[in-house]
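Read through the structure below, which is laid out as C-alpha cells, and then see the notes.
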Amino acid sequence: MIVKFKKIILVGAVAIACLSQPILAADKIKIGVISILEGAFASLGQDGVRGAELAFKEAGGKVAGMDVEIIVMSSDASPDSAVNAARKLIDHDNVDIIIGPLSGSEGIALRDLSKGNKGVTFVNGSSAAQDATFREGSDNFFRFGGDGAQWMAGVGTYAFEELGYKKVAVVAEDYSFPYTQVLGFMSEYCAAGGRVPKKFWTPIGTKDYSSVVYSIPDDVDAIFVALGGADAVNFLTQYDQAGGDKPIIGGTITIDQSILDSKGPFKKLLIGAPAGTPTVSDYEGKEWKEFTASYLSNFPEGMTSPTIFAHHYYMAGKAVLLGLEQVDGDLSNQHKALRASLNNLEFVTPTGGTMRLDENRNGIIDNFVTEVYEREDGSLGNRVLKLVSNVNQTMGQDPTAFRAIGAVSRENPSCP
Amino acid sequence: MSRTLLLIVVILIILPAFISDFWLNQILTRSIILGIAALSLTFLTTYLGVVSFAQITLAGVAGYTIAYFSPNTTGLGIELPWLFAVALALLFSTLAGAFVGAIAKKSVGIYSIMITLAISMAFFYFTRQNYSIFNGWTGFSGITAPVAFGVSLEDSLVFYYATLLSATAAGYLVVKFTSSPLGLAVQGVKDAARRVRAIGIPTTPVIIAAYAFSGFIAGMSGVLNVWQQERISSFSVGLGPTIDLLIIAVIGGMRHPLGAFIGAITYVLIDTFVIDLFSRDRFNMIIGLVLLFIVMAAPQGILGSFLSAQKRIRKYDNNAIKRKIKNDCEI
Amino acid sequence: MPLTDGSASNQRVALNLKGVTRRFGSFVAVDNLNMTIKTGERRAILGSNGAGKTTLFNLITGDFPLSEGSIEIEGVESSTLPTHKRIQAGLRRTYQHALLFDSLSVRDTLLLAVVGIHNKWPLFYPLKKNSKYHEKAEALAKVAGLSSKMDVLVGALSHGQKRQLEIGIALSGDPKIVLFDEPAAGLSPAERPVLTELLLSLPKKLSVILIEHDMDIALETSNIVSVMHNGKHLLEGEPEEVVHSDIVREIYVGKRQ
Amino acid sequence: MKLFFIVFLNGLTLASLYFITACGFTLIFGLMRTVNMAHGVLLLLGAYIGYEVVEMTGFWVLGIIAGGLSCALVGAFLQAFILGRYQGDELRQTLITIAISIILADFLLWAWGGLTYQISLPEMLQGGIRLPLLNVGYSVVRLTLIGMAIVVGVLLWLLIAKTKLGIIIRAGVDDREMLQALGFEIKKIFIIVFAMGAALAGMAGVIFGSALSISPGTDIQFLLSSLVVVIVGGMGSVGGAALGALLIGLAEQYGLAYAPTYGVVFTFLIMVTVLAFRPQGILGRAEQ
C-alpha cells in the first residue's frame, strides 16, 4: 500500500506540474478564428479562414505595433462545437478577440456565450441568422456582414415587378439561416403584392426530394429555393428529371459558384435565375478586383475567386484590425475603447461599399441582385443586375413594424 | 482499490488549487461529466451485459428537461425552481431509460447495439425537427447553472466540486445498486436469464429496472452537461456524441466503474489537444486510430490492461497478497 | 424402499399434466402426455436420451410454452403462467447442465433464490447483514453442503459443488414440487451416496420428480417410476415392477447392455 | 390523388435504392453476425471511385464495376487482416468497424474534399419521361432503379439458393459451428462474404451517386438507413431487407409529401413499433 501511495503522489505531482501554466506577458494580440473545418462544409470553412488570414497578411501580421497571433479552431456546423471551440480559445489560449463562426445557429450560440465573456470581443464571420444581433443582442458581439435577410434585399421586388411572378413556392432547409433568407425574400415580395401559397421546409441533408417536387402547386410562377450544397444539387436534379420547368429564384448559397460548377443537366434550370447576395465572384468593381488579386496571390491553392465566406471573414478581420489600430491596441476595461471604435467604424468593403454598424452592432450592407448566366465557355456565372445600397437589418422598413413580425420561424412570415 | 479510490478523490479535491481555469472547466469538469455518462453505459455493459447506444439520449432527455424548465434565451419553456427542474429531469431520464429497456428487453449483444442506436437516432431526428418543445436545430441556449443553497453553480470551482460530488454519488449508487438484490438479479440476467426466472424472479422488470437505473445515472450527467455547456441542441444527442461515449467506455475499460472516468479524461485530452499537436484537418483520423489501437491491442481498455498487468506482476507474491488484490479489484 | 405410505389415493394432487404436447416444427418432443403427481410422491422418470424428459421439465416450469394440453400446479391451472409465477406457486427445478450465475458468489446466488420466491420481492432495498434472508441463505448452504464456500464466486466452484448449489437453490423458500434433472450427472462415485442421502432426507410432504440415468439412485430414492419414449408416457408403476417390464428392457435397459 | 400515386412510385423507387444499399449489410450480418458500421463509408468510397472511373472512361457500367471491385478489395483486406481475428467477438468487431469508418471517412474527405459529386449517367438514363396515366414527368434513372433492385435481389437469391457458396452461406446462417465441423475453410468463406457485402455497398454507392448525389455525410445517412431497413425487415434476411426497404421508402416519401417536417421521424417510429412487437424484425428469425 505504501508503495502504491508513493506512486500515486508521484503521478499526481507530475500531473500537477504538467497542468500548471506559465502566465504570458501581453505584448501581442491573440485572435481566435472559428470556422467549419470538418464534414461537408470543410472546403467552405477553409475559405473563411483564408479570408481572415488575408486581412492579417495585408496588415503585415502586426497591429498597433504589436504582433498578431492567430489561432484557428474548427467547429462542425453544430452550435455545441462552436461553443467548445470558443471556450478553448478563451480559457486555454487566452485570446482577446474571436472571429467566427460560419453558420447560422453557431452564431446564435456564440452570441449567447459572449454575454458571459465580456473580456473577449466577438466578431461574427459569415453566420447570418437574424436573431444573432436583432434579438437578445450582446454588446460584445459584432457582425459586419449583415444577416441572411439583408442578403436577399432587392430580390422580392425584382421578382414581382420585373419578372412578374405573382405566386411563388418556397423550398428551403429547416433551420435558422434559411428562415432568415425566406424572411428577407418574403418581406419585400409580399409587400409588393406577391403571394407564397406553400413553403416546404426540408431537413438538411435530405437526399430524395421527389415527393416535394411533385407537391409543388401547379399554379405558382416560380420556386424560391434556399438550399445549400448537396441539397440544392439534389433538389434541382430531381426537379429537372421530373420535367419541372418553373423558373428558379435562388437563395444566397443556392447560386454559389460551387453549385454552378457542379456537373449535371439541372444547371439549365438555373440560367436566368435571380438571387440575392453580398458577394458576386466575378464582380467588375475596382475594389473587388483588387481583393480577388490579393486573395489569389496569397492563396494559390485556394478557390478560383474568393467565396462569400472568404469575403465575410476578411471583413471581420479587417474591422478588427482597424478597430485595434484606432485604439492603439488598448484592450483595458473589457475592451471598452475597442468596442466603441468598432461601433463607429466605417471602412470601404471589397465590393466598394461603406461598411458601418447599426445600433444592434449589425452591418449595414450593400447587396446585389444577381442573375445566373451562361459564360462563353458554357460554364455558369453570376452577373449583377442591381445594386441595393445601405440595406439595414429591417430591410428599410420601419423598425417597430419589422420587429412586430416576430422571430423568424417556419410559419413566420406568411402570405399565402 | 477502495483506498486507491479515496486517494484519487483526495487528489481531485486539492487539484483545482494548482491548475488554470481552462483545465478545471474544459478538461477536469468536462471529463467527469462525460465520465458519469460513460458510467451509465459501463454499468449496463458490465452488469446487464448489453451495449446501449441510447445513453446520450437519456442524458439528453434530462438536459432538455433542465433547459425547458430553466431560464433560457430561447423563449420556450416554463421556469421552475431549480430543484424541481432537476427532480423532473432525473425522473424523465429514468422513465426514458425504462422505455428503452422495455423496447430492448429481449435483445443482447449486437442486437441491443442496433436497437438502442435506432432509438437514439429517432430521438435525435425528433429533437431536430420539433420546435415546440426542443427548438429544433438551434436548440436551447443561455441556460445558466442555478444558485443552489446560497452558492452559485456558475462559479467554476463550485461547479467542479458539485460535479465531483455527483460523480462520487453516481459511483456509490452503482456500487450499492449492484449489491442490492435487484442488482444481483441484473447480474443474474446477464449470466443466465432462464435461471433468474426459475428462482421466481421475472426478468423483464429486472432488465427494465437496470435500464431505468442507467437512465438515472445518465440523467445526472445530462443535467450537469447542460449547466456546463449552458446550451443543448439536437447535436448534443446526435450520432457523434453517441459514438464518442462508446469510445470513452471502450478506452477506459468496462470492467470497473472507474474505467468510465479514465476513458473520459483520455478522450477529452485527445479531443482538446490533438488539434494542437497534429494537423487540425486530420483530427478524426487520429481519434479513429486511437480507438482502433485500443480495441485491438487493449480490449479491456486502459484500466483493464493496467489491472491485468498488475495482476501478472503480483502473481509471484505470496497468496495472501494475491487474495487482497483480487478483493481490491472487485470493490 | 417406499417413502410414502400406501394411502396414495387419498393424497392431494401436487401436479397434474393433461395431454401435454410440445412440437418443434414437425418434431414432436412431448406427445400427449398425462401424469399426476401426488403430494409427497417421489417419481423417477426413465427413458433414453431424446425421450423428451428434459423438455417435459421445461414445459412444467414454463421455460418453453406448451403446444397443447394443460398443467395444474397445486390445483391451479398454470399452462400460461410465466415461469416466475409457477416458481412462486411452489415449483422448483435443477438444470441438467448447471445453469448458474457465474459472476455472483454462492451467498448472493442463494440470497437471490431466497428473495425470488417472495411475492412482494424485497428486491429494491439493500439487505441488512443479519436479515432473515441471510439466515435462510445460510441454512440453504448448510443443506447443500456449501457453508464454507459462501463467498466463492460460482464460476470458481467445482462441478460437484455447482450441482450441490443447484439443489440448494431448488430447496429455497417453501417448495412443494421439485424437479431434479440428472443431479448425479458428472458426479464421482464418492459423491453419489451424498446425493442419495440428500434426496432421501428431503421433507416428506415434498413432491419430487427425478430424471436420472443412474439406476441405483433413481430406484433407491423413488416410490413410483415413469417411462418415457419418443415423447410418450409409456407406463408408470412401482420401481421393481417397471424395471423388470419388457418394454423397459427393450428400450432402456436393453440399450445399456 | 395523383400525388398519392406519384408518392407511391417515389417510395417504390427509393425503396429500390434502399434495398440495393442494405443488401450488403444484411448479407454480412446474416452470415457473420458482424454489424458492419463501416458499411456507409464503403458505399461512399465506391461512389467516389466510380465517379473517377466514369469521368475517366465515360462508361457508367465500368464505374459500377470499379466501385464494387475496389470496395471488395478493401472489405477482403479488413476481414482478412483485422476483423477476422476477432470472429465471434461481436462487440469488438462492431467497435473496429466504427473506428475504420471514422478513419476512412476522414481519408475520403481529405482525398475528395467536401464538395457534392454527381456521377454522370449514360445518355439513355438521363432526364425524364412522361408517365402515361399520371401525365407527369418522371426521372428515367429512378424507374430503372426498380429494375436494378429486382436484378440485385434475383441474383442474390440465385446465389444463395442455387450455388454451392450459397448453400454454405445458408448453412452458416443457421449454424456456424457446423460449417467448421464439416471442414469448410470458414476463414476464407468469411473473407469472400465480407468482400461480397462490401462490393454490394460499393456498387450501391455508384448507383446512389448517379441517381442522387454523394457528399461527406452520405455515409452516415446510409449506414443509418441500412440499419433501419435491416432491423425492420429482419436481420440477415434478403427478403426482409426488401420488405424493410419498401416500408421505409414509402414511409419516408409519404412523410416528405404530407408532413415534411416529421418525415424522418416516421421512419424511426416504424422501427420502434416493429421492435416493440417483433424484436427480430418482420421476417427475421427469433434471436437465441
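Quick notes on this structure:
Note that the chains take the letters A, B, C and D in the order they are written out, and that residue 1 is the start of every chain.
Note that a residue touches a chain if its C-beta (ideal position, glycine included) is under 8 Å from a C-beta of that chain, and two chains touch if they have at least 3 such contacts.
All figures in this text were calculated on a predicted structure; none of them were measured in a lab.
Shared contact partners of chain A and chain C comprise B.
In terms of C-beta pairs in contact, the better-connected of the chain pairs A-D and B-C is A-D. Taking the mean of the C-alpha atoms as each chain's centre, chain A and chain D sit 36 Å apart. Inter-chain spacing, taken between the CA centroids of chain B and chain C, is 43 Å.
Chain centres here are Cα averages; for chain B and chain D they lie 33 Å apart.
Separating the centre of chain C from that of chain D, both taken as means of CA atoms, is a distance of 50 Å. Counting partners per residue, chain D has 261, 264 as the residues that reach two or more other chains. In chain B, 125, 128-129, 281, 283-284 are the positions where the chain touches two or more neighbouring chains simultaneously.
Shared contact sites, meaning residues of chain C that touch two or more other chains, are absent. In this structure, the chains touch in the following pairs: A-B, A-D, B-C, B-D.
For chain A in complex with chain B, the residues that touch the partner chain are 1, 4-5, 8, 12, 16, 19-21, 37-38, 42, 72-74, 76, 78-81, 83-84, 87-88, 91-92, 104-105, 108-109, 112-113, 115-116, 129, 136, 174-176, 203-204, 407, 409-410. Against chain B, the residues of chain D that register as touching in their complex are 33, 35, 82, 89-92, 94-96, 98-103, 105-107, 110, 220, 224, 227-228, 230-231, 235, 261-262, 264-265, 268-269, 271-272, 275-276, 279, 287. Residues 3, 6-7, 10, 13-14, 109, 113-116, 118, 120, 126-128, 130, 136-142, 212-218, 221, 252-254, 256-257, 260-261, 263-264 of chain D touch chain A in their complex.
Listing the residues of chain A that touch chain D in their complex gives 38-44, 174, 200-203, 205-212, 214-215, 229-230, 233-234, 237-238, 240-244, 258-259, 262-265, 410.
In the complex of the two chains, the chain B residues touching chain C come out as 176, 179-182, 184-185, 187-188, 190-192, 194-202, 206.
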